[in-house]
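Scroll down for the structure; my scribbles are underneath it.
Chain nomenclature is as follows: A, B, C and D, assigned in order of appearance, with residue numbering initiated at 1 for each chain independently.
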Amino acid sequence: AEMTVGFSQIGSESGWRAAETTLTKQQAEERGIDLKFADAQQKQENQIKALRSFIAQGVDAILLAPVVATGWDEVLQEAKEAEIPVVLLDRTVDAADDLYLTAITSDLVHEGNVAGQWLADTVAGKPCNVVELQGTTGSSPAIDRKKGFEQALESHDNLKIIRSQTGDFTRTKGKEVMESFLKAEDGGKNICALYAHNDDMAVGAIQAIKEAGLKPGTDILVVSIDAVPDIFEAMAAGEANATVELTPNMAGPAFDALDAYRKDGTAPPKWIQTESKLYTQADDPMKVYEEKKGLGY
Amino acid sequence: MQSDNPLVLAATGIDKSFPGAKALDQVDFSLRRGEVHALLGENGAGKSTLVKCLTGAYRRNAGRIVLDGVEVDPRDTLEAQNLGIGTVYQEVNLLPNLTVAENLFLGRQPRRFGLVDTREMNRRARVLLAQYDLDIDVAAGLSGYSVAVQQVVAIARAVDLSGKVLILDEPTASLDAHEVAMLFRIVRRLRDRGLGIVFITHFLEQVYEIADRITVLRNGRLVGTQEAAGLSRRDLIAMMLGRELADAADDAHGRAAAGAGEVRFRFRNYGRSGRIRPFDLDVRAGEVVGVAGLLGSGRTETAEILFGAERADSGTAEAGGRRLDLSSPRAAIREKFGFCPEDRKVDGIVGDLSVRENIALALQARRGWARPLGRAEQDRLADHYIKALDIRTTDREKPIRLLSGGNQQKVILARWLATNPDFLILDEPTRGIDVGAHAEIIRLIESLCENGMSLIVISSELEELVAYSSRVIVLRDRAHVAELSGERVTTAAIVEAIAATERAQA
Amino acid sequence: MNPRYFPLAATVAIFLLAYLVCYLQYPNMLSTRVIGNLLTDNAFLGIAAVGMTFVILSGGIDLSVGAVIAFTGVFLAVLLQSTAIHPLAAFGLALVITTAFGALMGAIIHHLQMPPFIVTLAGMFLARGMAFVLSIDSIPIRHPFYATLKGLYYKLPGGGRITLIGGLMLAVFAAGMLIAHRTRFGANVYALGGDIATAQLMGVPVGRTTVAIYALSGFLAGLAGIVFSLYTSAGYSLATVGVELDAIAAVVIGGTLLTGGSGFVAGTLVGLLIQGLIQTYITFDGSLSSWWTKILIGLLLFAFILLQKGLIHISDRRRRAAATVPAAS
Amino acid sequence: MSRFLSLHVLRLLPQVAALAVILLMISFAFPDFFRLEIQNGRLYGSLVDILNRGAPVALLAIGMTVVIATKGIDLSVGAVMAICGAVAAACITSGHSLAVTLLVTLGAGVLCGLWNGVLVAVLDIQPIIATLVLMVAGRGIAQLITEGAILTFNDPGLIFIGSGSLFGLPMPVVIWLAFGIVVALLVRRTALGMLIEALGINRRASTLSGVSTGVLLIAAYMLSGLCAAVAGIIAAADIRGADANNAGLWLELDAILAVVIGGTSLLGGRFSIAASLIGAMIIQAINTGILLSGFPPEFNLIIKAAIIVLILVIQSPRARTVFAWLSRSRGAADGAGQDRADRAGTGQEAK
């Protein structure tokens, strides 16, 4: 009667990821699902291994948060042959869509776009030099969030990305890279806005801006993505301006889809897009902070 | 007879300098076909360096080498090997991690279908070593065998490689009479076959026994080359040292003085299973106890267990009624023990440290890290022993690995003398040490005894043992089998004691 | 048994024992599927580890393998995407490049007399950097030839498969054993690991051997890259980060001394399987959080090493006790 | 004394030269590079950034130098940093005083070192694999403490350690400089340095000479753990939170690289803490230079590789021969050529 679901998680490289894991476990528990969890420690080969051993164990369904888009055909084919439905979380894969049940993801390009749009609206035609903190070089969020942001900026000649460097999605690197941006751009006087591919880097960068004697949020606008609790604290303090939410609750819709599929075979749509909600200082950040605090970020 | 044999090797004007030192200065050396040519000189005279220049292990700075009438310039030892020059370098230079057979045939393993034929290689290795009366498991790792066995393996390899020239750099340093005799048999056979053989040693008897000609180096310069037959021992020593050697070591020794003192160290039923059978031993103040035995008889094991390098698992050790703690070298040193090990490369020198630091090491270790010996104090110690033991080094800051073998040995000795121990264990202390220093060290041992130090000396040189021991313990098969004292301490008696037990065994 | 083989035997024994324990807990672990997966999933790592074994046996280390694997994957993907070249030709080209890359590192190590650690670390940066420059995207490989290659497998009873790449890994191990233990080159590798100065005096061509060792490691890393690209049908510049450490761990767990000169290629296979077993066990368990996963991997690693040490120690004691000579007088 | 000094200067020459070359190269790409100004009572400029951002690697390099001198290696330092950062954050957020927090955290680092040391010295496990255990498990332990999230804190005292300043210098700089000087004095003014070198060059001979090699080994790893703890505190204080996932990630490689650039052989033996610290600054200078240069991040690694190769060439024994030749006009050409073989020879213990 009960369902056994294998969950192959990328790893635990950030607070957001930890929250996703926590929520997935919570959701599974609420629904009485036996969740087999496998942490791949950032390695695709470990995810493939995990999938294979889920198949060998004969689980009822598999949740996969793929570390990269490519390279899944073979193992997904094996899952299909074993008649195990696979649901993709927070990133889709580059494979025939009959190989998985559905993908529950946000649109990474769209997220970047929302952030860019916000910035364009905010500066309202004034010239503005933007510095960009990229995610880990080569990771798909870094590529797509950059792409989306650039798309949003295309139609605005007043906005210009003057520096773009990777901050590896971490606070430490975000801070270090921002320090060098500030040095390189005339002590920061040249910079009007910061776009960070995730909130952690933004939080680090905010500290760097403060230490350089500038006011983040006013002297330099700060917009980032993810909506982790700490950025709301910063927004409440007026140090960050906007963030785009990437919900860590991908498992809820996934389990819903699986339930429906198992009950009467209703195939869910191939792509269930999560909302990319924009939060600004106007959205009562402290309240959101309190809501999000307990979610394992 | 060989005097008109054609030259197989002629080196002229060889120059070699190291940073801060000129090791060879315009040295000429020639080797005839079918002769054994002894290359002699004090420690650090440049013998090993000359050899290495000849085999391409070092790049010489100047000079020509003519082999069989053709000028050659071996750039590495492989090229020299291919030219027919086989060499045993000083210190056993074999690979402890390979098997005996692999060491023997490295680079020229027999192959079948392109693959190394291990069985054939082992078979050939056994055949090869049988010529040296060595019946060991050739498929076992070399490191499991004693220095002596390794030495024989090195010799067997070099001999097997040499088509024209065989160079032996102190091959007999760790061998006893039996092996030496065997080596000489082989050397003579090769000589008769027309090989030119270079033989380096500090044992002058061996030189006279086997060498046809003698070349002497001093301070990197050629002193001269002479027929062995026409050169008296006295003159030879004078050539080597550049002065006469006072013959002190020959007769006067402290045997009478010692032996009378109180028993100071008392070992009862002392042993360790698998290493050495339990033995009893008393050592008096101011006494030298010699330890004799064949290779592998357990002499080194005796020394190691006395020093705590191997922990005893039976028996007691006491001094003056007090139990001694000999559970580790550190504990033994705290009891004022000292131990100069046999295998200086592995157990003795700390290669990258300077001569000064190597001398200060044991003393410093005993004082503990928090009480460093001042730099001035270290310098004083180092200078004192460099002078006292005549250690040849450009300065006290030279890394010890750059010293010649004999000089390294002296530094290790100095390390222990500096701790001023009550009980000093010397395992083959004079290995590789030149005649001058040899006499020096024997004198030193005697004066140490006179100052009340107790010594245990292990040596394969029975004459030497007889010269300073008040008692000699004879070992066989890892057990103490006899003890000679007083007037019975003679070479003949020791040989007899070893043989007697052998007979009893058979 | 020759005492030289004892560490190897101990490692094998521990592996079998561990497998038994896993089996008792999860009977599924003995299915041919799991065994087949063990080979397929670790194929690229195993191939790279064979190269690493040679490097470590010679007393060196090669930190570049993970990056070289990633580079090879991206290189193949880009090449197959943008040209009409046949994959086999692309494979050949990739192997030439990685072999030359390894040889270059070997040459620098020998001629500039620099520690392998730092040279291959620079090599690691360079290889991954080149992968980034080729493409930061992950590129799928859709060539039909890949599908053909993937279709080659031997079906075991019970649903498991010996795939082409799994088989290739076993073949590489076999070849590695042959080279290490039955060729002159192999003996020279051990000689370098024993003592470079001595090896030189004994006439081992040190320079040539060093270059060849790193070239071999580069070649095998390239081959591992090809296998990895087959395994994932893609090239991705962020792939196989830290694989060098896994390879080193497999080698060292397999009983090879990091100081060089002692160990067996076969040991590496067992080391590899032990790691794979730990991984499989953890997924079978499936109740561990991310952090407990790491902690448990560490502890299991520790337990294996400890067991290995213990077994070897006991055997040493036995051997020594047996060597005690009976009363001689 | 002057001879002593000149020896030390000579020892550091290749590292200093490499650092100078890199700084010059950066200043070509970024002319303002050498500008320093006082801002808010502290020095401000790219050079200060290098000193400041290099603090964790510099601290790790101190311990790593000593460990490598014993012929060991410590792969766990990055994970220990993460553990200690997490411990500090957990401690301070649960209401303990700063002093208690620091004490507990440093204690945790030392404990990690003790574990490594026991594995290496007592159980006789190869250092790389012994420390790999903690490298893998340690990050798990750190995540266990923070539960995978970034554990933020607001204690001004702890934050001061990361971003405060003293004598016009950022605190991390003051700390690593002080720590480096203290450790360097400790090993050079006592006999520790020599005993550690002896142990690293020939452990057996050292044991036979009465050196307590076991204790020294353990102490070396404990020092490394302590250094990692300090680095962990700085890293956490810098971002006002313990990031167990990323703190110290791959820094062990940088630390080892710093030591090797500093000229200490991985085969153990002679070491110089000053040289390792310069090595750490070289690495940070490369990183900062890359950031300042404005190249796209895809090129970061290639630039880094190219510069490391350059340093290799500058420092290779071949080039050192040229240095030696420049510093004293006479000198034999191939003494160094023999060096690798010689070093390798004495570095190995036949076992």
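Everything below uses one rule, namely that a contact is a pair of C-beta atoms (placed from the backbone, for glycine too) under 8 Å apart; a residue touches a chain by one contact, two chains touch by 3 or more.
Since the structure is predicted, the reported quantities are computational estimates derived from the model, not experimental observations.
**Student:** Among the chains, which one keeps its Cα centre farthest from the Cα centre of subunit B?
**Tutor:** Chain A.
**Student:** Name the two chains that are joined by the greatest number of C-beta pairs in contact.
**Tutor:** Of all chain pairs, the one joined by the most C-beta contacts is C-D.
**Student:** Which whole number of Å gives the spacing of the CA centres of subunit C and subunit D?
**Tutor:** Distance between chain centres: 29 Å.
**Student:** Quick check: how many Å separate the C-alpha centres of subunit B and subunit C?
**Tutor:** A distance of 43 Å separates the two centres.
**Student:** Nearest whole angstrom, what separates the Cα centre of subunit A from the Cα centre of subunit D?
**Tutor:** 34
**Student:** Can you tell me which residues of subunit B touch two or more of the remaining chains?
**Tutor:** Within subunit B, the residues that touch at least two other chains are 96-97.
**Student:** Which residues of subunit A are in contact with two or more other chains?
**Tutor:** Within subunit A, the residues that touch at least two other chains are 12, 18, 21, 137.
**Student:** Check each residue of subunit D and list the ones that touch at least two other chains.
**Tutor:** Residues 143, 147-148, 297-298, 300, 342, 345, 350.
**Student:** Kindly provide every pair of chains that touch.
**Tutor:** Final set of chain pairs in contact is A-C, A-D, B-C, B-D, C-D.
**Student:** Residue numbers of subunit D touching subunit B in their complex, please.
**Tutor:** 189-192, 194-195, 197-198, 201-202, 204-212, 269-270, 324, 331-332, 334-335, 337-338, 342-343, 345-347, 349-351
**Student:** Taking the complex as given, what residues does subunit C use to touch subunit A?
**Tutor:** 26, 28, 31, 33-34, 37, 40-41, 44-45, 132, 136-140, 150, 228, 231-242, 276, 279-280, 282-284, 286-291, 293-294
**Student:** Using the touch definition up top, name the residues of subunit A that touch subunit D in the complex.
**Tutor:** Contact set of subunit A toward subunit D: 12-15, 17-19, 21-22, 134, 137, 163-166, 168-172, 175-177, 179-181, 183-184, 200, 203-204, 207, 211-213, 230, 296-297.
**Student:** For a test of understanding, state which residues of subunit C touch subunit D in their complex under the given definition.
**Tutor:** 59, 63, 108, 111-115, 117-119, 121-123, 125-126, 128-130, 132-133, 136, 194-198, 200, 206, 245, 248-249, 252-253, 257-259, 261, 289-299, 301-302, 305-306, 309
**Student:** Across the complex, what residues on subunit B touch subunit C?
**Tutor:** 57, 76-78, 80-81, 87, 89, 93-99, 102-103, 106-107, 109, 111, 114-116, 118, 139-141, 157, 273-275, 277, 476-479, 481, 501, 504-505
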